[in-house]
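Got a structure here, written out as structure tokens. Questions coming.
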């Protein structure tokens, strides 16, 4: 029983960050209709930036956000504006291949600069443990969960109550009507993409402390994000966070209860089961 | 009417010139370029087979590595573990793949999957297949299988390596491209494109959606499996991490899309351009700095797409001032 | 001018004086929506000029035209379905010209359309057709419309509602708003518009005062395709 609870707690802790990451992708998909295959690789980019900044300036990953957040947001805006947007009106699959090219560039770039063996970024919270009853929780995980939920909340408020957020929702709900209201649809899409990448910078800082990373990890995060976002109904806020928790827990339960190989299978099996019976994902109501 | 289109394409002199060059090329090539060309042809076959569902059908299947795996691992295992002739093994794997394909198509229909769901569910199946293959000793587990040396015994499914394997690859490539041409010019192709462009409208005018999708998937799966067997024979070492992995799917979809989805020659063109590019980059830059060749490759892919977002084939056709490929539309 | 390489409008010349209600008539596919989209900046003309109060706006992007007060109420209303009436209206006033006066404009619009005040927090998708039309017009007013272009406002509405909407349009015009009315409904438009143009297959076949257009036999044939 304890084992189960421990696994569930870990699943929730990591799943909340999966949800946050997927919200970033959902934002971009809702506004420009594209799926960024390099999503996971941007996370790795952020994590390696934390590593680099630690090596150079002994900055804790959370502190290096001061640099990585604006840097990645700007990079995101530039990449969208000059590489992706010109192609965004074409076949979705072609855009996906473009982002696949980005995956190769980022992944290999990281490989060239940092090498392929696993490396980890230390952090002052690395060894901290939170103990509640018989459940042990690692410091970085608790921080990640808290900030993920908080950030999701902030994002929700921004979308609901600010003009920028309303513009984003307007473009998502009816791009033509939005344009008729004088909204610059292209600019809103660029902003949404930049926000999405900014979220990834934060997620990277949350995931980095103590974790061993390799450039090829990006694909894994991309696949997880895809599973979460489809489970969540593509643009449904609550659905996506819930999807994140489900995938997080499936992963955790899989590794604890099943063998190494079968454990990896569980998230996929659960994904397929849910999708077959709810093809629109975990949505209720709309949007 | 459509039959006439097919004959017209087949009579095109350009097509025969290309085929002649392809057939006679190996007489002049060094073994390295022969190897690259053989691989390119294998991918021409794989991409063309995938195109039947992915391009013409508009259904993005990310599970085709399943069929490659069946054709390669299963046929090899049947030979090595049960002594079954590889021709027979190839057929068994093809039938099995066809059945799997039919099941997948049925699932898609029964559960009304959207395009993204279909893509991810097929991906999920493919990932699961990889995990299963790596854990299953009969098909070689994590260490793979080693096929007996290729001595050119045709009845044992051996082509003699070198030129013989090249011509085998050329044969399957031609078969797959011809299959595309045949389908595009037959009612099946028409129905597939109707479904691709507007499934509800297609259903409303009486197109048998389940039957059409299933047929396309079965053909695609069987062809892919057959190519998988030839591929395994060529490589001789059957590595599940290479042949049953989503990576092979990524390559197939990349080449097919960049080449020009939905047309008969687009995916082939994509494979012919991008695969050798990748191999040669790996050869020249692979040792210089790990990752450099992939980095350059990624940049070239990005540049290619930005310069020719509708695919390479439309670019090509306009140079030759000729037949435009059927436009493919984005899924809803 | 047209979409892709197929010309839709040919040699069209339109003049709208300040404070007028001008009607643009024609059967389906005559090119009316293309014309209104060109004025909004959603479609770029292959040739020709568009000017507002003497200034050439042909090359001006859509968002700049909105700032100048050229606002389109599109066919089908196109309200933001998942947003409340309040949010739809707030979005109307999002452009930099209208933004400063947004709060006061909101009150004005709600006074004009009391029904919207009733439904203030409701999702736009739950509104009836007539209410959505009011919302769409209200949204356009929030955007600071100086030239209000309505594409088929009567579409799908009951005669009584249509009457109500048109009375409001007349009131707005009386208060100084210039209006371009694009409609299939011949008689209704002729009643409210001072001058009219009739489009047929991309060309203007009749133009003049409402009376002149009404009695012109070419008007009828443009609609019936004779």
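Lettered A, B and C in written order, each chain numbered from 1.
Here is the rule we use: contacts are C-beta pairs under 8 Å (C-beta built on N, C-alpha and C of every residue); 3 or more make two chains touch, one makes a residue touch a chain.
The model shown is predicted, which means the values in this text are computed figures rather than measured ones.
Ranked by how close its mean Cα position lies to the mean of all protein Cα atoms, the top chain is A. Ranked by separation of Cα centres from chain C, the top chain is B. Between the CA-based centres of chain A and chain B the separation comes to 32 Å, rounded to the whole angstrom. Spacing of chain B relative to chain C, judged by their CA centroids, is 52 angstrom.
Chain centres here are Cα averages; for chain A and chain C they lie 43 Å apart. The set of chain A residues touching two or more other chains is empty.
Residues 60, 107, 111-114, 116-117, 120-121, 123-125, 127-128, 131, 134-135, 250, 253-254, 257-258, 261, 289-295, 297-299, 301-302, 305-306, 309-311, 328-331 of chain B touch chain A in their complex.
Remark: chain A residues 35, 83, 86-87, 90-94, 96-98, 100-105, 107-112, 115-116, 215, 223, 226-227, 230, 234, 261-262, 264-265, 268-269, 271-272, 275-277, 279-280 touch chain B in the complex.
The touching residues of chain C, counted against chain A in their complex, run 40, 42, 62-63, 66-67, 71-72, 74, 78-83, 87, 90-92, 94-95, 139, 143. On the chain A side of its complex with chain C, the touching residues are 163, 166-167, 169-170, 173-174, 176-184, 286-287.
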